[in-house]
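Each of the next two complexes has chain A plus one other chain: chain B in the first, chain C in the second.
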Partner chain A sequence: MDHRILTFAFMEPPFESERTVTFFRLLDAALAQGAGVRVFAYEGAVALAFARQAPHGNAVHGRDAEQEAHPLSKDWIAALQAKAAEKGLTFEWINCGLCVDERGVNEVIDGCGRGGPPDLWRYAATAFNTLTIGTR
Partner chain B sequence: MSGYLFIQSQDPFTEARTTHQFALARQLFAAGHAVRLLLVQNGVTPARQGAQTPYFDALLRDGIPVSADDFSLRQRQIGDADLKAAVTVAPISTVIDALLDGNKVIWN
Partner chain C sequence: MKVLQVIDQAFRTTVEEQDDTILWLTQSMRGAGGELTVLLGGHGVYYGLQTQTQPALQLGDWQQSAPADLPRDLTQLLESGVPVYVILDDVTERGLSPQALRPGVQGIRRDELAALYDSVDQVWQW
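So, the complex of A and B:
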């Protein structure tokens, strides 16, 4: 590994806040600039990688699921995993296990793991820099 | 001297705490630190010309560099010409540059 690693701590659930979009834009920008990424997801953010997310249509506007093209955060994570692999960069994702159990979102997409606060400590201690995005 | 980048997502019209966030940035700047702000999300709204935001405007008067995220501006249909004179437009990669330069990057 010859690239610098940035750690991100994030707690926002999917489908709720503009912060989630900004967070994913930051991850994409990090990979674009050749930095590796490690994410510690806690509280509601553990559902970002939930494998059973499903797209839906929009009956009010008369669009089916394909036409609606509802964005799913699990797909954004998968896209970032693919981008990192293509560029030979680190991309790791750990969900806080306690937060996962509380929400029953144990089924996550491949490449996302389960851990706890010590992982955030390890990530932050070994990263070149760390950004914590708190929910206000 | 440290370098600080504040990512300002909150706006002064709905978040009273921005008064203290802006004050902290000014205090760090006055103490000799390299301080700058990147406005994101609704944080870009005080950058619009005519916005009555005295605590935000004080940052500009002090000479603290303030940029606004291009994507957040486009989402709100705020063009470059709509911005207060001292505010520049920047990409989100500004944050990554700051992190890789070893700055302290703080999300507000």
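So, the complex of A and C:
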């Protein structure tokens, strides 16, 4: 299948900013429109794919962990991986390795790799376009 | 492919990372063969005038030994062939002098930015 690829470079960590949710909505919309997606996660964004994220209950809400079903960014990535696979689209995710090391978030979910800035350049050079979303 | 790196924030995590993360990213991609240009705007224009390294952080007995050296990083970028532009209007609005721009850094007016943006294939606003 011939389809366009969009590259995203993202810096926000999970659970800190609405920019993170907006970023994931953009990925979902890109896939919905038939565009493949490549992500370079930089700085705090490398924690988005951290495999040991865990849901928790919420006493204020009066719900246990199962009832609360707390959102986890690693699950959002997995859901987008599945959506891309169903549609026959590319979905690639590379974490900045140095950013991973300094944060100790080495355990990532399947399908997310480790790399560096040359991967961002490679992604961008072969993409239809690139969107960078830095921290503010 | 040509990319313009637009940096309009200054000193974002420079203590923890011991560099500006986008200047570092640019140096690294340049090393991988990337054709890049840097545009400093907003508070980021200060990088174009700065001559001092960052002060070292001390917390209790912990002493930082390798604080950020942004003038060095900017010099290395220039020496690697990355053009660096500074928005002159943002310099003067902050009470800084365009005459203090570091050698090799080029000033550019806001009304000249469209041509700079048109000269590259992608613009990455950080």
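As a working rule, the second predicted complex is superposed on the first by the 135 of 136 C-alpha atoms of A that agree within 3 Å, B and C clash if a C-alpha of one lies under 4 Å from a C-alpha of the other, contacts with A are read in each partner's own complex, and residues count from 1 in each chain.
Simple rule for what comes next: contacts are C-beta pairs under 8 Å (C-beta built on N, C-alpha and C of every residue); 3 or more make two chains touch, one makes a residue touch a chain.
Treat the numbers as computed from the prediction; the structure is a model and nothing was measured.
Student: After lining both complexes up on chain A, report clash or fit for chain B versus chain C.
Tutor: Aligned on chain A, chain C fits beside chain B.
Student: By the touch definition at the top of the document, which applies to A:Tyr123: first (chain B), second (chain C), both, or neither?
Tutor: Neither partner.
Student: Check whether A:Phe50 is in contact with chain B, with chain C, with both or with neither, and answer first, second, both or neither.
Tutor: Neither chain B nor chain C is touched by A:Phe50.
Student: Examine A:Gly134 and indicate which partner it touches, taking first as chain B and second as chain C; both and neither are also allowed.
Tutor: After superposing on A, A:Gly134 lies in contact with both chain B and chain C.
Student: Given the touch rule stated above, what does A:Leu26 touch, chain B (first), chain C (second), both, or neither?
Tutor: In the superposed model, A:Leu26 contacts chain B only, not chain C.
Student: Between chain B (first) and chain C (second), which, if any, makes contact with A:Tyr42: first, second, both or neither?
Tutor: Touch partner of A:Tyr42: chain C, not chain B.
Student: Which partner does A:Trp76 reach: the first (chain B), the second (chain C), both, or neither?
Tutor: A:Trp76 contacts neither chain B nor chain C.
Student: Once the shared chain is lined up, is A:Phe91 touching chain B (first), chain C (second), both, or neither of them?
Tutor: Touch partners of A:Phe91: none, neither chain B nor chain C.
Student: For the overlaid structures, how many degrees, to the nearest 10, lie between chain B and chain C at the C-alpha centre of chain A?
Tutor: Apex at chain A; the opening toward chain B and chain C is 60 degrees.
Student: Chain B and chain C, closest CA-CA distance after overlay, in Å?
Tutor: 6
Student: Which residues of chain A are in contact with chain B in one complex and with chain C in the other?
Tutor: On chain A, the residues that contact chain B in one structure and chain C in the other are 129, 132, 134, 136.
Student: For a test of understanding, state which residues of chain C touch chain A in their complex under the given definition.
Tutor: 1, 3, 9, 12-13, 21-22, 25, 28-29, 31-34, 122, 124-126
Student: For a test of understanding, state which residues of chain B touch chain A in their complex under the given definition.
Tutor: 9-10, 15, 17, 40-42, 71, 91-93, 95-97, 99-100, 102-103, 105, 107-108
Student: Where on chain A is chain B touching in the complex?
Tutor: 4, 6, 18-19, 22, 25-26, 29-30, 32-33, 35, 128-129, 131-134, 136
Student: Taking the complex as given, what residues does chain A use to touch chain C?
Tutor: Of all residues in chain A, those touching chain C are 9, 11, 42-43, 116-118, 120-122, 124-125, 129-130, 132, 134-136.
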